[in-house]
Structures are given as C-alpha cells and as structure tokens.
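Look for chain A in each of the two complexes below; its partner is chain B in the first and chain C in the second.
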Partner chain A sequence: MKDEVQTREDRVAGLKGLGCSRKRVEDARFTQGKGNYVDDIKLPGMLHGDFVRSPYAHARVVSINAEAALALDGVVAVITAKDLEPLGLHWMPTLAGDKQMVLADGKVLFQGQEVAFVVAKDRYVAADAVELVEVEYEELPVLTDPFEALKSDVVLREDLLGDGDTLPDGAHGPRNHPNHIFTWEVGDKDATEQVLSEADVVAEEMVYYHRTHPCPLETCGSVASMDKVNGKLTLYGTFQAPHAIRTVVSLISGIEEHNIRVISPDIGGGFGNKVGAYAGYVCSVVASIVTGVPVKWVEDRMENLMTTAFARDYWMKGKISATKDGKITGLWCHTTADHGGFDACADPTKFPAGFMNICTGSYDIPTAFLSVDGVYTNKAPGGVAYRCSFRVTEAAYFIERMIEVLAIELNMDAAELRRINFIRKDQFPYQSALGWEYDSGDYHTAWDKALESVGYEALRAEQAQRVEDFKAGKTRKLLGIGLTHFTEIVGAGPVKNCDILGLGMFDSCEIRIHPTGSAIARLGTISQGQGHATTFAQILASEIGLPADSITIEEGDTDTAPYGLGTYGSRSTPVAGAATAMAGRKIRAKAQMIAAYLLEVHDNDVEFDVDRFVVKGAPERFKTMKEIAFAAYNQAIPGIEPGLEAVSYYDPPNMTYPFGAYICVMEIDVDTGEHEIRQFYALDDCGTRINPMIIEGQVHGGLTEALAIAMGQEIAYDELGNVKTGTLMDFFLPTAWETPNYTTDHTETPSPHHPIGAKGVGESPNVGGVPAFSNAVHDAFRAFGLRQSHMPHDHWRIWKTANDLGLHG
Partner chain B sequence: MIPAAFDYYRPNDVKGVIALLNEHGDDARVMAGGHSLIPMMKLRMAEVPHLIDLQDVVALKGIAIGGGRITLGALVTQHELIDHDGLAQTAPILRETARQIADPQVRYMGTVGGNVANGDPGNDMPGLMQCLNADFTLVGPDGERTVAARDFYEAAYMTAREDDEILVGVSFDAPKGGQAYEKQKRKIGDYATAAAAVVLTKENGTCTSASIAMTNLSDIPVFSQDASDALIGTSVEDNAIRAAVAAMLKDIDPVEDNRGPVAFKQHAASIILTRAIKSAWDRA
Partner chain C sequence: MSNKMHIKLNVNGEDHEFLAEPRELLIHTLRERLNLTGPHVGCETSHCGACTVTIDGKSVKSCTMFVAQANGAEVTTIEGIGSPDALHVLQESFREHHGLQCGFCTPGMITRASKLLEENPNPTEEEVRFGMAGNLCRCTGYQNIVKSILAAAAELNAVKEAAQ
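The block that comes next holds the complex of A and B.
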C-alpha cells in the first residue's frame, strides 16, 4: 500500500544511492571512541615487543650483548639477526624488488634501524629491557646527499656487490655505482633534446620535493598469534593491503597461505604509510611462533616518523621549451630519487619511479623524456605514495612549477599559459608523450570556472597595486596567487602492466543478499578513513535497488573477504568500486529472471526501475528487490539455483584520470616569513560523484595535508644522518588553528570505461594542493625576481627568500 | 615513549614536599602540571626515580591581588590566568601571554610555577616575569627566601633554586601603563621563534618607564636594561624603537635550530620587539 503513494523520486531517495550525501556510517563508532584499532587488540597471554634501534645512521654492529636485558624479570626473549638467520628471516623482500634487513645484519644504514627485538611480559618491561641491551657500534662515514652518494667511495650496500669489482644488475636493470639502484627512462630522448635545442624559449630549473612522512593518526603495529595446535597464524595489523601481506607472509615464512589469517581492523589512517611490510610485523610473527603466545608490537610516534616509510625526496631537474607565443613544444626531466638505505618503494613492479611519467600533466606536450636514478643514502627506506597515486604528487609539483617558471621566462600570465596548452576536450582519449592514455577530461571548462569563481582579473589587479604599495613602503605584505591545474592517474591498475610482487592489481567484491532483502558485501580493499562502508553501499544500492542502510560493507579479514590488492593510490573506487558495481549487476541479472518467473512473463519483458523489476508497459505489475530476494530463498524456480549471491574480480581496462583546478590566495609577511591563506578554491572533477559530502571531506583533509607539506612539514637530517624532525613539535601537523577555510567546487566528467564513471578523489587534494600553496609563495615574489625556492615554505625559508631578493633593505 | 619505573608521592603540604626532597635528594623531582617533565620522562631524557606530585598542596594554589601587588601560587594554571577577571583588569599582559602558550588542553594543566621553575628557555612565563620584575618565592629546609626573576636563571634548565627547594609562588607589582606580549611561533603548541614582553608608561607623550624582556633567544630569558632605557625619555618614535631593538640584539644570543638560522632569529626578534613596543605604546 505504501508503494502506491511513494513517487519514483521517493523511492530513489529511499535507497540513498549514488549522488546522495549520506552520513558516514563509520562515524558513530569513531566519534564515540568505539573504534577497534590494532593497539586495542588484547589477546590472552599476550607478550609485548619493542626494538633496540641504532643511534647511528651508518655503522658496523660489532657485538650485541643481551645478558642484562635477559636477566630482567619479565623479559622472555631478545631476538637478533643471528636468531632469524636460520629461518631465513633476517632479511625480507621489499615491494620494489630489493631486500631489507629485518634486524641489523652486521651493519646499520639509517638512524633508528631495528637492531634487536625484545619480547617481554608487558610494554614497560620491554622498554626497560631495550635500555639494557648493549650494542657496540663502529661508526662509518654517513651519506645523506644522493648526489654525493653517487660519487662516494663509501659503499652502503656491500650485500649487493658482485665478485671482484663487478656490480650485478638490480631489480630494475643495470647499476652504474654501488650506491645507484636503477635508471628508469621513458620517452624519446633524442627527439626531446632536438626540440629543446631548436626552441624559441627554454626554461630550466631544479625542483626539489622534500622528504616528508604520511604520519597517520595511528602508528604502525601488529599482533601475531600462532596457534600451535591447529597450525594457524592470525596476524592483526595496520595493513593497507591485507591480502598482499598474507601472501608475503606465506612466501617468506613458508606457512601455507590457508593457514594464515590477516586482519586489518580499524586502522587510524594510512596515507601510504601502511602499504609496505615492516620489521615489526616479521618480528611479532617470529616471536609468536617461538613463544607460542600472541605478541604485540606497536611503534611510538618517534619510531613512526623516523623509521617507517617516508614519502617524496625527489630532485627533479627540468627543462621545458616553448614557442615565443607560449605553445609548449617539449619537456625533459631528470630525477635523482633518494630512496634511503633500502629500496622499499611501494610502486607497481614495472614502475620503479611509480607514475612519475604523468609529469606532462594537463598539457598537450608533443615530445618528452624522463629519466630517474634511484640512489641509496643513509636515511630510512620508504618512498610511499603519501595520499597520492605512485609518485604523482612529485610529477604534478614538477610540471606545475615548470609551467610557472616558463611563464616567467615568457613574461606571460601563468593562467593564460596553462589555457593555451591544455589538452582539449576533443583530444580525449589522449595519448601522452610519456605513454599514458588519458581517458577523459574537460580542462578548459574547469579552468574558466575556477578563474571566474575567484575573480582572477581583479586579484591580479590587486596584486599589482600591492607591489606598488610595497615598493612605496606602505606595506610589508605581499600577495601571492597560486595556480594549479593537475591531472591525476589513479586506479592501478590494469593487470597487463600493474602488479606488485607478481600479484595483478585487480580488485574484488562478493555480495550476499539475505532472504529479507538486506545484504553484505565484502571487498579486497580496506578503509582507513575513506568511508568505504558508506560509499560502497551507495554504489550497490543504486545497482541492486536495496537501501544502502540495509547493506553491510566488510573489509580487511582475509578469511572472509575476496582477494584484492588493498587501498592506496585512490584505487578503491576505480577498481573495487567497479567490482562492486559489476557484482551488483550479476545480482540484478539473476533477480531479473526471478522477477520474470514471479510475474509470469519472459525475462526480456521486465525491466529494472530503481528498486524493482516492472513489466514493460505495465508499471503496476512489479516485484520489488525485497520480494525477489525472499523468492530466491523460498521458491523452487525451474532452471535457477536458490540463493542470491555474486562475486566479481575487476581488472580495469585503463587508469582513471581525475583532475582539478586549485587557486590559493596568500598574504606573506616578508619580515617574519609568516603567511595567511586568504582564500583557497578547489574545483575537483572526479567523474561520477558517489557521495558529495564525503568528497568534500576528502578534499578538506587532503588540502590540509598539502598545506602541511608545502608550508612546513619535513623529515630533515643533519650531516650525520640524525633525524631533526622526529617529534610532532618539529614535524608540522596542522591543527584547526592553522587550517584555512576551503571553498570546494566541481565539474563532472565521467570516466568512459568505469562501470559507474567514477574516478577516485581521495588523493587529488594532496596532489593539487601542494603546488597551489607553493606557487602562491613563489607568485608573491615573482615581481621581485624569484624563479624557484624549495619547500617547505616555513617562516625562515620565506624570510630567506625575501632576504636573498633584497627585500629587507 | 615509555618512562622508566618511578615511585609516586602526593603530599598535601609544603613541609611534606620538602621532607621528600630532603630524603631523596637528586633522585626526586617535583611536578606541577607535568607538561614539561612527563614528556622528558617518557623520552627517558629525565630520570626521576621519585616523582612528587604537587597537585594536593592546596597552599600553592590561588591568585591574590591587593595593595598594588599580585601574587600567583605556583599551581595557578595558564587557564586560570586567562580566566581571571581581576588579572584581566590589573595585569592584562598575563592573559595575553598565557593565550599564546601551547593549546587549551595544555593550559588546563600547565602552571605558572612549573613554567618559571623548569628553566626551559622556550617557556614564555620567565621572560614575562623578568619584564614584570617579579620575585620568586622559594621554600627549602631552612625556610623561605626570595629571588628576583631577573636573577633566577643561570643557564638552560639551571636556576638559582636549590635541589631541596621548591618554588611556591611569584609576586610582582601590578604593572602600570601599556603592556604587550608578542610571539612568533611556527604553529599552535610551539615554543617561540621570538617573543617579546614590553611594559611601559607614557606621560604627556613621553615614555617615563620601560621594561623589555625576550623569550627563547638565548639559553635563558633576556631582560634588556639597555633596550628598556633606550625608550625612556623619548616619544617612542621610530628612531627610539630602532635604538631599543639595536640594544636588545646585543643582549640576545640565539642559536640555529629547526625554527631557523641565527640571522633569521635576530630579524624576527627585531620585528617582534618593534611590534610589541608599538602595541604597548598604543595601549599606554
């Protein structure tokens, strides 16, 4: 009866499907302190592990004496590399094809490196015991500069030397120096050099994207529990890719994969920091196997900042050429990539510098060449995608800086320079000079909307007046207008070219419809705050006509969820979201047959309408999905199996290419170096919008991280390799106080190959935000001759820029 | 971030505190709000086998204003300084300073006594107390004595307080004239890149008294007599301010750290002091 008074719009609204700003279902537990994080897990008899870490950045480990520690009441074991060696676990493979010490095997390569693992009855005893382990070191010369490292006689990785003077190939081909990891080249070198040599104008600059850290709210940790009776290992941990972790654990431990259960419970943010495998995971597993009881390891904030995966640290030398009226003709980039002591980058196997070759950005650049040299230094390993697709932030920062530098060289407005070089709407799908096929875009529309929204012409007029006033001594503040048009490449990815450790980068969804018309869907991904339980239910609601509120989304337990490669690189919506839609469509196909049977018509005579199948031409005759679900379990339908379930493994045909136009208006005090963000406008085009409220939240969060990175956040080392920014006093995490207001906006250009046209958005604001903030700083000083300065733009560096330009009189 | 084991004491009077300090000597430390000491213990940079919590020593609490004199018990929190209407009337610079310390959560716990007694060059209250020419009251086994804030600091974390003494309170004359506390910091919760406390009086357009102290620009707070004198008798015009800044620069001794190199800190100190003087003069 109720259906008769419900309009079609009511029924659509009742589903809370695509396009609905549905409230996040996760928030009830998070806002009430009821989340279940790794450190919340307490198992009976559980022991606690803690690391003895190296105070030195480069040293031989002469001896380790654990006698005093072992004598302490409550200490169960002190594990060193010697103990792990018989198990073959003193080293572990990295995601980048290198290997990494689990515990110091004769030497240490970065400050904070794990030297010994103490296992004790509680966390306090473990910390006391760490102090009692005596380690004798012999200091070695420290290399913190990648350019120096490539010239130095100091060999960091003796384990990679061949016999005599030979230098065996690395995982990514030939190496030309003991501290060299790989050279990766893309594009046409000769043609690019030719174009540059013949160009009207060439702008050249070194663009450094400094080392920073994802710094998730919850640090990394694990709880391993080996059940010696049934031979099953359960491993709880902060894993962004639980299935891949299971496979890795199986491969290195020899435990069969079906005997390993990996569970990612609530994990407090990831941002790339929790993609890789850490020594703590391995040591907790080994310690549990040895002791027969569960062992927990959770790092503290300093350990997280100093030792688990960093991000960026790319020195990008660029040359960009153009005609005298501003049409870009070529782009050349050589990157020196500082990977630290081990190459533990989290990139698809065939891409040792990730998708750095998206560095032609939003522009139609006919000829380009990119080469990247990876280098070992005495810094922590990592190189993860900090809220971005693999190295896309570096690429976007590079091209958006080079565009600004070219605009200076051409004495042109940087907005106009972008406009005349954008890939046009009619050029999509667009084949880039460095090998990508951009699926879709409409850059000019987004750009014009952005410029109009901020009143760009008026801002430039105000800026010109400000420069006059400054020169006249009327003000000490400059005005910067930071422009960015970024193109992301996300959703890794097609199995034909994307894998990690040989595992294709598909993803998956498995759906069970319950008899009463509710459902559970399980995915191979794992939310770290993205709101999957909210948005994936919305995708399904629109696909299968059951309310999102009646659909449970579950992730993170490898015993129940289908295999998937996890959540990073904005891949959840492009890949697992697509799998969800495709699995939903399988459900719908079967529901159609059931509906036709119930309505006594041919399959082709019913059609789907919001939440039901109706007889074509007779809309009063229908069966709701709820009725169909019940029928699937209580009717014997000829030729159709009982039940209503589906599973889909989705291998995307291409990446998706979200884009956006960001504009930052910034006031800069040239005396103190302080800044104030007066306005920040962010237009994002992420294709089909699943939940506008969650998109807005993602953009706010990503922009705030971008603000941090651009304006102060860094992992800095002194010349001895000591970390100078190991606490939150010095490592900048913005609070509400430092965070400006953001204005969000959008255009919507659906992906032509994604089942629902969605492209992913979580990482766009970090990718686009950093150049927008940085360009604003640079732009403020453009009138005074600044071409390039290095991030982070904290007070003293801005002051130095002003000082170097002679602005302090 | 796990401290070593320690014994915990919670005496309820000053006598009890002194007795514990006497008994344990160097191995004991008193704790007021704990926001400096506890992190140091967690980092195992401070070894404190015997921790004496002052929270139950009621005698150390309270704000008294009378006869032109202001007395703050050692356990008065930064939050109470901000919240106190009487202080807002008699010494608004206290509120202005306290509001620039850390964040509200820390200010609920952090105390005046802890802030001045710890000797951390980053703390804001020592410089302010030097500007106000405050007296610190110390109690030890031999009774009570008073040390001027301007004589209290010897080096980073080194003060005139003996190991068996505790700082029970600070007192100072209610400041007259214009007052300002200016602080540059990288973010909320940070120590100063440069901070300046200024109190001055104005009569018929002439500065008749001035007091200037700087924070986190040396290993101790810096009261600059010369900078103060440079303003007296002037109309605090640009030349006088420049002279005060030049005098201040001779007295500070900043070191390079993550906040920046020495030249930047000197420049920031100049700007911050200039702003503080102008602000105080406007308010005078």
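The block that comes next holds the complex of A and C.
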C-alpha cells in the first residue's frame, strides 16, 4: 500500500495545512490578466452612469436643468433627488445611525457631493452629458475646522434641528450644538482627574491624526441588473460586506431579500474603502429598475479620493501621568472627531468612535478616561477603518506619541519607559481601564527580541555621536530611532456588543465534502487580496485531513454563500476562520462515526490522526478521510444520514489582541527635509500562523501604507472646502523607489479562545507602522527640543520643523 | 457620428480594424472593444501604471493615449505575454515569490517588468525599483515584486546560458 511508505510527516506536509507557506491559488488568474473585477463586467444592453457633482463645499441647490443633457444623443435618463423622493431613496441610512443624501436634496455639504445621476449608452456620452446639466447654486459659508464648527452659527444639517427649541438627540445621545453629532465617554472621569492632579509628572499634548484615504488601486463601482421578468435584482459591486449590502438594499428598496443577489467579484484592494454604502450603488440600482437594463457605475480616482470613505481626522488631546520613576498612573484623552457632512463612519453600532478606547495600548494603566465628540463639517463623509480595526490606528498613534512625550518629560529612554509599563504576561487575561479584556500577550519577550535584533544600544550611541557631530558642524543629517509597541483589537465581534445596522457580527462557513474526497467551502467573508482561497483551505485541511489543494473556497455570492458580515477590521481569520475550523470539526465528528462503523468498533475506539481515523492502539487499522468521504455517499450506515456536510455560524466569545514591536531607523536631512529609511524591523505576534508567506506579504503591504500616511499622504482642504489632494499627483502613494525593504520577525502567542489560536494580522502593520515612522521623525529632533509635530511628515514639514527649531543656522 | 477614424491595430498578434472616435482612449479600446480586460484603470492620469501595455517595443500607459495615436501600432497586453500552457517566467515568478495580493496592479506590473528585463536583462535591485517606479501597488509594499523580478531575471539568464 502506498500509504505505508508515507511517514506521518509526509502526510502532514501533503495536506498543506496550518503553518505552510502554500503558494496562492488565486494567482494563476491574476498573473494572466484573467481576474474579474467590477469594471470587467459587461452585460448585454448595459448602460453607464456618471455623476454631476457639486463644485462647492456648502451651497443651496437652487435649480437643476437637465434639458440639454437629455437632448444629447445616447442619453437615457438624468436622475435627481426629486425622482428618488417618491421611492424614499433620496436619503439613505448610514452605518453610524445617521442618514445621508443619495442625491443633493436642496443643498450640498461637501465638494464633490452627488447632485444628479446621468445614464447614457456609454461612458463618453455620460461624461458629455454631465457637462450639459445646468445646476444653479447659492453658496453658503464653509466650515472645515471642527473646533470652529462647534462654535459657529452656520448650521450644516438643518434636517436634524427638529421643530422645538431643544435640539433632538442623535443616534448616540444628546447633542449640544447643531453641528455636534455625539459625545461618547468611557472610563472613570473623576478618578482620572484626581490621579492627574496628584501625579509627580504629567505630560500633555495635542496629537493630530490627519485625514487620509485608503485609496485601493481599484476604485469603487457597481453593476445593477434588474430583471423585470422574474423580479430579481442582481447587484455586482466592490463590496467588503456583500450580505450586509443585500440586507440594506432590501430594506431601502422594498425588494424582498430573496429577490436580491449581491455578488462581490474580485476586488482590487479594499482597506476599508469598500465597506460603506455609496450613492453610486443606489443610483445604479434605481437606474436599472427605471430603465429595465443593466447599469454600470464606476468612479474615477478623483471621485474616489474626494467622496468615498475618508479615514482618521482625529484631534486627540491627551494627558498622561506617572511617578517620577516612570510608572504610568493615569491617562486622559479628549478627541474631537471630524466626521464631515454626514456621520457615515463604519463602526459597530454601540461604538460611535470605534474601538478608540483601546488607547491605553500595551500598558498597564490603572486609571483612564476617554471622551470623543463627533462634529459635522463641510468635508466628505466616511470615517472608515483604513486597514485597521475601527479607530484602532488613531488609538495606537495617540498612546505611542504620548509615551514618547512622557519619556521627554521624564528625561528617560523611551524603550525603557515602555518596558516598565507593559502589561506583564502573568496579567492576561487583562482587564483594561477602558473596558476591554485582552486575551493573551507576552510583550516583554517581543520587546527584548526587537531591541536586540536592531542592536538598540549601539543605535543610541550612534545617535548621540551624530548629535555631537551635527552640533560641531560635521554633518547635516540627524538619526531618528522610531519605537512602537502596539496592541490591536480585532475580530469584531461578539454579537452581544457588536452589530452593524442591527446585524450581529458573527461569521459563517458551510462545507460540502464530495464523494471522491475533495470539498467546497463557502464563507460569509470576501477576499480583497488577503488570499482567503488559499488560507481558509489550509485551516480546513488541518481540521478535516483532506489536502488544501482538494478544497475550493468560495465567497462573495449571497445566493450561495452563508450569511456573514464581511471582511474588514481584520475579522476574517478571527471570526470566519474560527467558523471554518468549527464547521470542519462537525465534519470530523460525523466522519468519526462513519470510520467506527467501517472499522467495526465503537465510536470512542477510533481517533483522528492527520488524514485518517485509526483504531486506538492499532494504528495499522484505519480509514482515511478520502475513504470515509466515499462511504458517506455509497453506504447505508444505520443511524447516520448519507452525505458529509456541515455549517457553522461562529459568534466569537471575545475579540483577539494581536500585538507587535516595530523599530524604524531613519536618516533625516535637516536642510532638504528629506528622509531615508535605513532599517525597518517589524515583529508581529498574531497568534497561530496559518501561512507565513501571506503574513509576511500582509506586513510589507501594511507597512508601506503606514509609510505613506506618516510621510506624505493626506486629504487636505483649503478654507473654501476645496479638496487640494484629489489626484495621485498630490495624494502620495509610495512607489517601489521610495519604499524600503522591511525585516519581518515574529513571536507566537496563541489566542486562548480562538479554535486554532489565530488572531489576524492584515492590519497590524498599519496600526504599528504609522507611530513607528512618525516617532522616528520626532526622535531625530528630540535632542533639539521637539515634542510634537503634525503628520504627514513630508519634506516641507520636516524642513519647517528643523527651521522652527533654529537648525538652519 | 461622422467624425470617426479608421483605425488599424495589431494586438497580441491579431489584426483589428474598426471605426473609432478620435477621442477614444486606448485603454477603453482594449478593455471594451476588444474585451482584453487584463490591463486595468487605476487613475486615468498616468500615475498608477495599471493600464500598462507595450506599444511598438515601449512600455506605455494606455489610459493617456488616444487610440488614434496608436493607429498602425503593434500592441501587447498581459493576455499576449504568456498562455496557460506556456506561462511567461515572470508570471511563474510572481506566484512563486508572492509578488501579488489583490492582483489589480499585476497585469501592468508584469507587462512593464517584461519590458524592463528586455531593456536590462541583468538589473540590480536599485534598477528594478527605479524601472518599476511608474507602476503603483497598494497591497504588496513592492518587496516581493522586486524579488519576483530579480528571480525571473536570473532564471531567464540561466535559460539563455544553457542554450549557448
């Protein structure tokens, strides 16, 4: 028998299961140009939609005249809010409990806002027609500063004023000004203030995390196809959460959910951009219903940057207190959150500022208080988690800056300050002062490994020498050592406290084993480059003992996949990965009964071994999973139904808490403001590692996004609300030339509550990377008195910092 | 419309003749008229390189070229670079070294890299990074793309040497 020559190791390796750097099954299509992205979809008779957008950031829409546009050959329809109103579709609910105009209903609140939707026979005619739609605007005063907005008499959202004298509550409680959205408070305010007032040392700083954008290489788009004969709507689109989109479309359109099929085809990167529901999706659906033919809408890059899904824009005022030896005693944070014209932030319902309350970071801080005020301004709505779990990047940046500022205040080494304040290994599970239960961690081990790997002591000595040389006029370059130890919170999440639009944030997997021992598994998530078709098959291979190469993974079609909340916030591995393992275990349980029957022993007398069930104590007597699969379909087994299938809906008991230690060594040219990254070391602990090759790739990609954000990428507005960075000319995306090589490393602390101990990794490098780059810039100037400067640290800002510190002589 | 132009193109070895408005962009000709959806649109402003094709031996961003400008040219897209039975070394190499994630930039990357390796069969890492700077990737951080291209160069050279 062939099996006899195979060692157990061979059999394990043959599965390509957990821990294997399995090559990706997705790649054959993508490398040959055979991906199938939204804009590749071409349906018979398909029309193209394009938007008339507002050039103003705040204005009344006095009139819209579409006559000339409609007269153009090839134009089929021009849709405005007036047309949508009878259908109740001129506004739509946002993920944050607010509502948002689909098309301008009397006024516009940000530059680029959708005013009318033109439908034409091709994209060129549609673009011509957009130019022919005449819109008369009456300009209104513009508010781009959230602090000013909270004092201004200019009301942005008249629709929320109510009829009486008092301002009606918003979705998250009382509002204290017409431009105020919510106040969210966590922690013990009085106790924190007391601790601060009694502390030896208090460091105080305003930490601004600027507005930016996920900017995946593929923009957002959809193709809607209403089949009037059978009453079915098929909607293809760039959706990170296809099932939730189906439910939302059903709720707002009145089409029954079973008559809607949502398909996320290949997605060209998401990073949070494709979580939200956009006017374009709704308009393509309406246009298809009206015209009876398929309608495509794909935004261009400028529309993408200006209107869909900004990220960050948090003003975080912080105070951190410590004893004189550096033991942290308290943390206070007040955040002013600029949400733009509508509150469309993509956060679980009960968390209007996401998981910002993870801002105590990796540190054992006994007392803390956080409050967040959301504010309306004349900027685009969005507030997505740009490659991070909800607002976790903001939280990590905040605490990692505050630690650095405290180190300056204490005149201490920032690495040592971190070390003496880390949550210790024996403190897990750890209850944080702001309400989380950290599942597992070993921060000291990770930190020591990181410091040793980069030769930290020697770097500090070199830096000190550099400062001497600089002062002596021997060099014009400074050396910065950027430290970060971050803790992520991912895998939303327990249904008891996490939902989106009332939908619990579980996820799902359904498995069918075929008679010949291959399988298909379908999930409620959707890959946007993370390689789910590769990694989920690996989880399953280890669970059910069939080779990953014999397992097809399918996602993204709501007619076939089980319901799930989608892929964002690093939730696929923690939640859907767990569902996959649990469904696999159900398969195994049934396989055990079949094996026992075939081997003529009691169920408890067989045990699972890699790819088979063996009789305990008699390993030569076994049935492989392949044999068992066949038996499931060809034998009448008493008391067991035919077939081998399972489904699992997994509601995680807790979030997972990946962490990492990153160190960036940066050279800065004081005279030009240019930087050079000499070394970047990234140690990640994401628990059990499913596919090391893919983990490393995720880290490289996330770090490069972090590099962009920290060093130049920004959605900037002028005082009239004009977007100044609406093209890739002004919006910084690093090329291969500006991007350094990264050194990756890991420790492995499994999650105690996850079925396979995995924690998720996709977003850690963005969360940890931004403070590492930014801290390197700050650290380079520490010897010259710099405490805080705002990102992005582009050449001009760094030059300006040096100039302000008097370093230009 | 009467202002259409008579266009002749050879794409991936096949001749095409059609009437097109002079303003039609080459990327739309390829994707929508000829159904070659390998090249993608990421920006339409010459920045991202997702639309990269080879025209008469040069790498070109097809989003900022009118089809009229390409009249009479020989065009190669990702679809013409390898076939399922005979993949280009770069196509193998990108898979082997995890040089792609979402795959949206990949056709442009490989098309550009194939040209780069023709122009410079023995590039240094620096030369690869510089030569690929017209192609943006949002997913990979480039490290594995560079690795894929350097590995492909080594392999192509080994094949050449063996043939000599």
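Assume the second predicted complex is superposed on the first by the 807 of 809 C-alpha atoms of A that agree within 3 Å, B and C clash if a C-alpha of one lies under 4 Å from a C-alpha of the other, contacts with A are read in each partner's own complex, and residues count from 1 in each chain.
The criterion applied here is as follows: a residue touches a chain if its C-beta (ideal position, glycine included) is under 8 Å from a C-beta of that chain, and two chains touch if they have at least 3 such contacts.
Everything numeric here is computed off the predicted structure, so don't read it as measured data.
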| item | value |
| --- | --- |
| Partner chain in contact with A:T560 - chain B first, chain C second, else both or neither | neither |
| Which of chain B and chain C A:R301 touches, first, second, both or neither | both |
| Which superposed partner A:D128 touches (first chain B, second chain C, both, neither) | first |
| Which of chain B and chain C A:T735 touches, first, second, both or neither | both |
| Partner chain in contact with A:H795 - chain B first, chain C second, else both or neither | first |
| Greater chain A contact set [chain C / chain B] | C |
| Which of chain B and chain C A:G712 touches, first, second, both or neither | first |
| Touched partner set for A:G701, first chain B, second chain C, both or neither | second |
| Touched partner set for A:K724, first chain B, second chain C, both or neither | first |
| Which superposed partner A:E674 touches (first chain B, second chain C, both, neither) | first |
| Common interface residues of chain A - those touching chain B in one complex and chain C in the other | 123-124, 300-301, 729, 735, 737 |
| Chain C to chain A touching residues, read off their complex | 21, 23-24, 28, 31-32, 35-45, 47-48, 50, 77-79, 82-84, 87, 90-91, 94-96, 98, 100-107, 110, 128-130, 132-146 |
| Residue numbers on chain A that touch chain C, as the complex places them | 23-24, 26-37, 39-40, 42, 123-124, 215-219, 266-269, 271, 300-301, 528-531, 693-694, 696-705, 727-729, 733, 735-737, 739, 741-742 |
| Residues on chain A engaged by chain B in the complex (per definition of touch) | 50, 123-124, 126-128, 131, 300-302, 671-674, 712, 716, 724-725, 729-730, 732, 734-735, 737-738, 794-796, 799-800, 803, 808 |
| Touch list for chain B against partner chain A, complex | 1-2, 4-5, 44, 103, 184, 186-191, 193, 258-261, 263-264, 267-268, 271-272 |
